[in-house]
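Take a look at the structure below.
Each chain carries a letter (A, B and C) given by its place in the written order, and its residues are counted from 1.
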Amino acid sequence: MSDALLCVNDLKKRFVLGGGILGLGTTQEVDAVSGVSFTIAAGETLALVGESGCGKSTVGRCILRLETPTDGQVVLDGERIDDLSPETFRKLRKRIQVVFQDPFSSLNPRRKIRDILAEPLRNFGLVRTRAECDRKVAELLQIVGLSEDVAHRWPHEFSGGQRQRIGIARALASDPDLIVCDEAVSALDVSVKAQIVNLLKDIQKKTGTAFLFISHDLAIVENISHRVAVMYLGKLAEIAPREAILRRPRHPYTRALMSAVPIPDPAMRRTEPLLKGDVPSPIAPPSGCRFHTRCPFVEERCRTEVPELRPVAAGHLAACHLNDLADGENPLLSAPPVVA
Amino acid sequence: MGDGEVLVAPALPDLFEDRGRRSALAAVLAHKAIVIGAAIVLVITLMAVCAPWLTPIDPTAIAPLERLKGPSLAHPFGTDMLGRDLFSRVLYGARISLFVGFVIAALSSIIGLVIGLVAGYWRRLDGIVMRLMDALMSIPGILLAIAFMAISGGSMGNVILAITIVEVPRVARLVRGTVLSVRRQAYVEAAVASGSRSLTILLSHILPNTIAPIIIQATYVCASAMLLESVLSFIGAGIPPSIPTWGNIMADGRSIWQLKPSMIFLPALFLSLTILAINLVGDGLRDLLDPRQAGNG
Amino acid sequence: MAPLLSITDLQVHFRTPRGVSRAVEGVSFDVNAGETLAIVGESGSGKSVTSMAVLRLLPTKTTRVSGSIRFEDRELLDLSEDEMRGIRGNAISMIFQEPMTALNPVLTIGSQIAEALMLHQGLGKRQALARGTEMLDLVGIPAAARRMSDYPHKLSGGMRQRVMIAMALACEPRLLIADEPTTALDVSIQAQILELMRSLKARTGAAVVIVTHDLGVVAEVADRVAVMYAGQKIEEASATQLFARPHHPYTSGLLRAMPRLGTSLHDPDWTLASIPGQVPSPFSRQEGCAFAPRCAKAKDVCRRHRPALRPAEDGHSHACHFPDNATGADHV
């Protein structure tokens, strides 16, 4: 796709565990991300969903160059950015910003709010004078729904939700094209979580910023995303427009994730059988389809043959052998929908 | 709606007297160990600084007729085998000990800070730098200092240099550890994403976090440097015997300890008291500054 | 029948460098034998502190506790530390949010389970180990006998939480307190653990107090629910009543703010409802209802007078001057 803002091609990230002294001793390698590709259009929200250890945060960190990808490409507006020198990339950071999960550790406790917000403004040369900087800080605070006198206070004076607003203001400072939200609302209280989700949506409407919304919570993702990508053990299981994935998931893992979301109503009981067992260790992922150890539809072929991520409908890609079957025989299509 | 229908909850008592937020100074003053330790250090420092006014006698003046006198009004601690006034020697000795302690604490903090910051932040240098520090730390401090003194010869400058070499790796290690844990904090990554350069991040986000541990460590370095200096002087590998230091006074007293035990006992008492006091301050500061050690908050 | 656990007017205050934190401000509730009570609240609501107070796990030097905590006709606040030790892990046991920190990393799973059994039940080592294996089997750990000699770090998060549950249930407690037992777990594992807790409760008959911020978890396991806000209990009802007809505006707001999967399919313009404002600080005690600054219905009386808890015959109590969905509404 040429109109994509961000293009991630076959991204791989391998971590080496336990190096030992001077590289001696045994080392273990973990493929946190093993070949992930997707695109994000300008102004779009792509949600990246998966359980802990599936590599979703590592994908975000590779795009932000907080980790160096082992292999693959990251392309912004048609230009490769993963092989840029650190100094060239530093200037480009203006266009890709981040909101972190933990509102407490993401603000330096020794800096006033003003200085926290001034940091990107100065670094990217967006303000010349002190007065200009103060004006811009006040503007940013107003966008995220805080009053401007907040600027002279310290992070510890704020609650989690307010701190996350400050984190969002910092990300907005350089008017980026893309913001990576790494579990940005996961640590917040329910009543505040909704505020922040709505704030992000408002911001997108006004500024046209694209989001990569990394989350483990499908119910939240549904409220913010245009498209959803589901990851399992370092690979994409499925990627599709939000409605398509909710109505008719084409990967058993997506289906299982959806049915595991708790329903806030004691009168409703889940009907789907639960996923069995734990996520296998990424150090030694299962052969064939990585989901086969937990899949209710597992066949012999799944244990040996890796399913390709293939189109199953318009804009809908899934990596499951079941989709090779004729529509009438595909259990994913004949099963009752998870959400009515 | 009538007020009669309003069910109001009863007021609740306060289980604590709310004194609000304590100021930093109040917190320090409420800490007994710091107050006692600092008071002792202050008194000994004042005695050392005011030595010329507290005693009119030159600590190096030899008076053969006054040899090995007991305590008297003129000589509160008596005199040594050359008739030098012990009280004035101990006071002037305090000057040297404290000076050596404070200078070494400052020097090793600064050098250790730089090494630790560099090793912790630029991971490529880490291996080489820290192996060197480990190598230095693997030699017992006293042996390393004696070896250095043997090569360089006895002078105050060399003593300071020798002990600094011994203490720097400890500070560097501590700073590196702090840097490693702070650089994983999300706010440091946020600074990277905000386009800050490495040096800016190191100096403005990471450095401030190393100050509290360094101040605490500096007190321990100071105490250990004073002890090491005394030991070096005592065994004749330190400051030249002509200069009165606590270690030199004890060394002089070594051969006549049966005749005049106070020549060993008095400097040792001052040395122990000073070290104890400095350690009290260090422990107290650690309680106050280190959040992991602080009580439940 | 007298309740198993009865908490009356519990107040817990902490002294901190930032001032006095009034974590729990006059909370009362009962837990009956065999029932599951959920204590729901957001951060700073005092829900975890309440559960820690029951087991007297709060630091003694900086904490003051007043009120009464009666368990099987014994006043827990009056017991000596030795008597308390006999109750902890035995008659009352606890499961924590982060299973890794609650397990000792240098001891095998087996020795940790066996230790509790030998201490409280007076079993011999061999019996204790056999019973431990049985417990691991019960909580659904495959190859339980082999797992007994494993160290905690070899297990996944979900498995560790299963081990914690096995340990907590080993001595057949009458009351199990679970503080955010599934918060650190992935959704698919969370569902498994909740399922396990439900089935074990049916089998053992132990009463359960589950402390959580997640109404989804409450809906899955709770018989009765107490909602806490800013250190106070503001509503209590059976789970069915609470979800069907919440009385306190805070409870209603929380329920609306809970995302439900699939809602957007029916309404493309759907936005998630939120409660404006922030949770109040525990360091300052305000006049009136603690929720008033965030409440759309708040009137002058709310800001001046803290509403008392109104008991109701159907067991649905609330502390609000202008409740939602109240039958026989006295003032609308």
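Points to keep in mind about this one:
Here, contacts are C-beta pairs under 8 Å (C-beta built on N, C-alpha and C of every residue); 3 or more make two chains touch, one makes a residue touch a chain.
What you see is a predicted model, and the numbers here were worked out from it, not measured in a lab.
In terms of which chains touch, the assembly is arranged so that all chains touch all other chains. Two chains share more touching C-beta pairs than any other pair, namely A-C. Distance between chain A and chain C, defined via averaged C-alpha coordinates, is recorded as 31 Å. Here the spacing of chain B and chain C, counted between their Cα centres, is 48 Å. Against chain A, the residues of chain C that register as touching in their complex are 42-43, 156-159, 186-192, 194-195, 213-220, 222, 239-240, 243-244, 253-255, 257-265, 270-276, 278-279.
Those residues of chain B whose C-beta lies close enough to touch chain A in the complex are 127, 185-187, 189-197, 205, 208. Considering their complex, residues 11, 13-20, 25-26, 59, 61-66, 301, 305-310, 319, 321, 330-331 of chain C touch chain B. Against chain C, in their complex, chain B makes its touches with residues 1, 3, 5-10, 12-16, 18-22, 27, 294-297.
Of all the residues in chain A, the ones that touch chain C in their complex are 51-52, 159-162, 189-195, 197-198, 201, 216-220, 222-223, 242-243, 246-247, 256-258, 260-268, 270, 274-275, 278-279, 338-340.
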